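So, here come the structures, one by one.
Each of the next two complexes has subunit A plus one other chain: subunit B in the first, subunit C in the second.
Here is the complex of A and B:
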């Protein structure tokens, strides 16, 4: 290739791709350090160093956006930077939870960490993708590490089963995506989002609608939106808890970050339909969670409900298309999604982190009944879980409340008021099971046969404390963290 | 001095300090909580002193930017007090030390958690009454659910888990509908400042006002509770520990009536005028129905809880009469109900601590054994039924007067409630206090001790003061309520004008066809 073209292609790409480069360098270093016995000692430092560096360069994108690079297929703007911070935070939480989590798999932690650093690369590519090809690369870069990580506890049937289930269904989702992208390309001759948005009339044809529907279906699959949610509880339950946390927070955030990018290509008439899917997803997720006794399944179902709320935001952004407040609503949709996924990352990540921590005292801590009366023996853990549950339920002074406010406000501004009301009512059901956790923690006596959990895991404790601080900060002083991006 | 910020956040600060304090002794924790609430009571007194009775608008205003919502809507941390909220703020500040002091009788376990939640509760309640920004109000409104949820769930009676979850979900269902309405209101008006929202809302047509009113009113009606939504209240009251019941009856329910007044009537006057007949009927039916419920109870705590439904019916009735006397009476009655029902719950708690039963049958002839208790009980009952010279009389009388102007029929129905009220409360008094001592174990019940008398006496004193000279209380609310009334008056005129305009073309059309 002509070097001049190359120069042009990669002009300014350094700053734009810096978070990805950090991650790539870090995961290589982890793999190398894993090979040489003498370097084993530096391994634990490499992952936080990599994530920190990536976060620093992602933060730089917020104040100083690098713009579109790689021939316009990757947009490194403030939004990509902000979402990247959320992904990196999810990955960092998952990593902190994974320390001392594995027992017989401990010798393979090098591979584990390398895979853990690959997934956020895919997420960042998804968030900044400006065409379907780059998005597809991101999707695969995200999914393949997660297939492996889900099955990481290879001696356990449930883990292998989770990995296989996720893989088979994931392959199915990918096929849907490729089919949809192919149809859209045949129709419009373009794979770029801009090209798709420009060819809106063509997209209204049956072929275009089918293409978009297939595309959305694959994204719904990744995000766990009904009716593509059935894998979620099984996979979360079987996968190692830190990985379930990463899937719940990171993957969902990445799918919605790309959905936001896709909004201009969707016809405004689809808004109400999407809103209906959103409300149905919220209802299914919340009703599904109501009867769960396994905490991981419970948070999986609640994750489905949260995906529904996030989809309501997207529906609002789509429905506002063509109106004179289109831009205002779409900007609001971005703020809402960002705040929501950030709050969700710390609440769900924090809650699953506590589950992972307590699992060190025995796997029965996956069951809610083991958490009964924990407030009397481990008040710190119980208080953290309470805070995370209340944040997931959207009670004020937590990030979850503000996320809910912003999410519903996007829908209301796009005049989807009845859907917003229905959605709000399904979150009453949600409080039904979040309160059950709180009831068990504080209001029931400790079972006679349950010893007080004793495992001390400083890093997990630090991660939980940090999550709790972030949940409160997002709820009380959102301006401090997101002032530049919101509004 | 940022007085309102202090009165709101001193309890929270106290809660944090007590949560972390290296105190092993329960007594020290209790004293700490009492100290914090007393400091807040002093702050309450300063607010009361600093409040100018002649001024109708918000006073002692504090405002700083908080954050910005998408769409460049600035949310402010802004607090203020006016005639609608001053009595509630004062009542909260006054009741909390009493509650803190009463807790040592019935909270023996997990004292640290209890005092923390108690103080967090005070922050939540103050915030609700003082917030003059919609987002801030909603923030405190929902947050104030949490402490009571814990107080009920941890220190409550045997069916507490059922009652707590029911209480939480009922209130939350209403709140979330209000959330959507609050969002719609915010974006339609482009502000979250309550004064500007009120101004904006007053200029909207009936359809817009109607929808928003309906959503807000639903949330508050559940909280009050207005009749069809009342079923959570007897459960919550019965299962709550004494201090929880006192807070619930004294302040939390008033958040509902306060909301109806500030957000329902003052904000959407046209819709309120249209909805007034419905609410008056619900209020009047609530009075009678609550009274019948109370009559059928054998558990004395449940009896008082049902009487709350009845008494709050008066508040709703008077408020939606939309007359001078009705509005003033209902605001006054909010305080009165807090005092007299608070007293009753405290007394029931005290006898329960001695006898561990709340069944009316378990007592009888207590007046002989516990004369001081009997004195306070009779006093509270008389205050509750509205004996002239005590606080309840003034409020009830004004409400009945006000609602008579609006609807003589409903006022007549409400008056029967006064009689029924006397029936069930006096019956309970007779069964518990008088006659022979029927149970042997009641013969050695110790009478009230100094602590108990000390916490009842201030409430009783206030009952007398409010009964004998209600002037200082009424005059502080009057200017703000007069302003509400003026808004209602102009809304009525607008509605009449709209009605004539609506009829006019029809008449013209008829003439043309002729």
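Here is the complex of A and C:
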């Protein structure tokens, strides 16, 4: 092979990979600055600088897509850019929440930040992957830092247990993926999504169906879709709150970004089955959340329900395959997924961020009873939590409402009306526990033994304010933010 | 002859892989893993990838295996009889795992018995430079698969950082504190 061929192969790769290069450079810089005491002054700015640079180059991909690069293995189009912005935002929120969160682990913040920068690299690779090998490396690049970060509070049994549980189950999920990919490769001779979509009749054989099912199972595991959701509440509860926030928002967004890419390879008959799984997931998540008194567990169960809603969108896109409105439904599915994950990233990220903030005043702020009457002593925090809970519940004028509306309308356009109706009904159940948070915050008296929370954390306050602004902006004027992507 | 060799190597690697998870003695597990790696190396060799086979033996069979043995030694797992009070495979786990493997095997057999033609051989990932092992691997590694290859290096870095963050826990306190005397006496 002569150098000209390589030149041709690498053409355009610089712009396409710019967000990844920013993150890789930032990762190295964080590690280097952590070693030399003389560089102490630059440590705090490195992560925001890296995330900002990566976001800027991801934004450049939206306005000026680089297309498929490196022999078509990575697709850096506007969709990859848009999802990358969501991943970077959830990483930035997690970083801001983590600043004053750790106490005895504070000397290890350098390692923490390095791992925090690796996870979005994996997410971006997952969103842009055009073949299963690249996707697999992306999945691992996302998972391994999260395993370590879940167990980051080494002195606490619950954190170590969360990390171990996530690691063991995650390794199992990854093994499912590899088994499925091996079956598909044996059958079709291809690991690229294009090749899989071209060999659709082969995929209908029992071996192909098993391969696809295993692939989906591992994605469902990462996204927390039933029946692979059992780890979610325990891991979110045990993991440090900023990491739980990153797992809830970023991982879910990345899994669904890849599911959107996988849609052309799935047979249209699978649509109804996926829709059923989606509705069951929504029901399980919402019913599971109803009885929770621990806020982190509550948001974990609600995250399961949100994964179900997102899966309903995918089911719609799959079910529309082969019909004459296939393209229209798939575009609608993309808009719905993007808006939904963006709104969810800021609502759930914001809510868990507030929990992390209040935890500085004592761990008991994880339980909902401690938040009773908080409106009287910390109106700002209480107002933020109210907005995030309403957005998660899908109340109009918030991003969550618009996301839900687009999601259910995609399912209706794909003629999955009964499933959409059932899904909407389970969302009504969800209002039960979201409104309970609001009632507790404003209409209950403050428990007498509870001291007023005193921790002032400007960065966490800024992150919460920014999330609140984004939730409102996505709900009121989504066109301003996503106009170029959503027609 | 080649066919026979393939089946022997494949059977060896599958049986050894089973042995890795079934064996209750960690050292035995590690040795079984070695057998599995060697079986796979033979399969690489039969497929014409001499370089990959050599790397498999050197890196996996040699270096990684030694690391595994070090870990087993450092962890000092002790008497397997004592450790085995909670078997790895519970009844339910055995049934579920067995069912899963059986289902996957059934799917493969069903597809084969129906005579579903696999994709034509050309579509498989043959390296463009033919079967010349080094050239083909280099082309794949620095061509279409350069991104997974480079990302894997970041992955290894992140793993190392994560392990350090979890394992080194005494940077703040008790960094140079002597070991408590009681434990030494107890050991003696």
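One rule holds for everything that comes next: the second predicted complex is superposed on the first by the 484 of 487 C-alpha atoms of A that agree within 3 Å, B and C clash if a C-alpha of one lies under 4 Å from a C-alpha of the other, contacts with A are read in each partner's own complex, and residues count from 1 in each chain.
We take it that contacts are C-beta pairs under 8 Å (C-beta built on N, C-alpha and C of every residue); 3 or more make two chains touch, one makes a residue touch a chain.
Every value quoted in this text rests on a predicted model; they were computed, and no experiment measured them.
For the composite obtained by superposing both complexes on subunit A, the positions of subunit B and subunit C are free of clash and fit together. Contact with subunit B, but none with subunit C, is seen for A:420 once the two complexes are overlaid on the shared chain. When the shared chain is aligned, subunit C comes close enough to touch A:206, but subunit B does not. By the touch criterion defined above, A:154 reaches subunit C but does not reach subunit B. Angle at subunit A between subunit B and subunit C, computed from CA centres in the superposed arrangement: 150 degrees, to the nearest 10. Looking at the shared chain after the overlay, A:395 reaches subunit B, while subunit C stays out of its contact range. Taking subunit A as the reference, the larger set of touched residues comes from C, when subunit B and subunit C are compared. Touch criterion met: A:111 reaches subunit C, while subunit B stays clear of it.
Using the contact criterion defined above for the overlaid structures, shared-chain residue A:443 touches subunit B, although it does not reach subunit C.
In the superposition on chain A, A:431 makes contact with subunit B only, while subunit C stays out of contact range. Looking at the shared chain after the overlay, A:268 reaches neither subunit B nor subunit C. Taking every C-alpha atom of subunit B against every C-alpha atom of subunit C, the smallest gap after superposition is 33 Å. The residues of subunit A shared by its contacts with subunit B and with subunit C come to none at all.
Considering their complex, residues 66-72, 110, 113, 135, 138-140, 142-143, 145-146, 149-150, 153-154, 160-161, 164-165, 168-169, 172-173, 176-177, 179-180, 183-184, 186-187 of subunit B touch subunit A. Taken together, the subunit A residues at the contact with subunit C in this complex read 1, 6, 9-10, 17, 20, 24, 27, 31, 70-74, 104, 107-108, 111-112, 114-115, 118, 121-122, 125, 133-134, 136-138, 140-141, 144-145, 147-149, 151-152, 154-155, 163, 179, 183, 185-191, 195, 199, 202, 205-210, 214. On the subunit A side of its complex with subunit B, the touching residues are 328, 331-332, 335-336, 376, 390, 395-397, 401, 404-406, 408-410, 412-413, 417, 420-421, 424-425, 427-428, 431-432, 435-436, 438-439, 442-444, 477-479, 483, 486-487. On the side of subunit C, the complex with subunit A involves touching residues 103-104, 106-108, 110-111, 114, 116, 118-121, 123-125, 129, 135, 138-139, 142-148, 151-152, 154-155, 157-159, 161-166, 169, 171-172.
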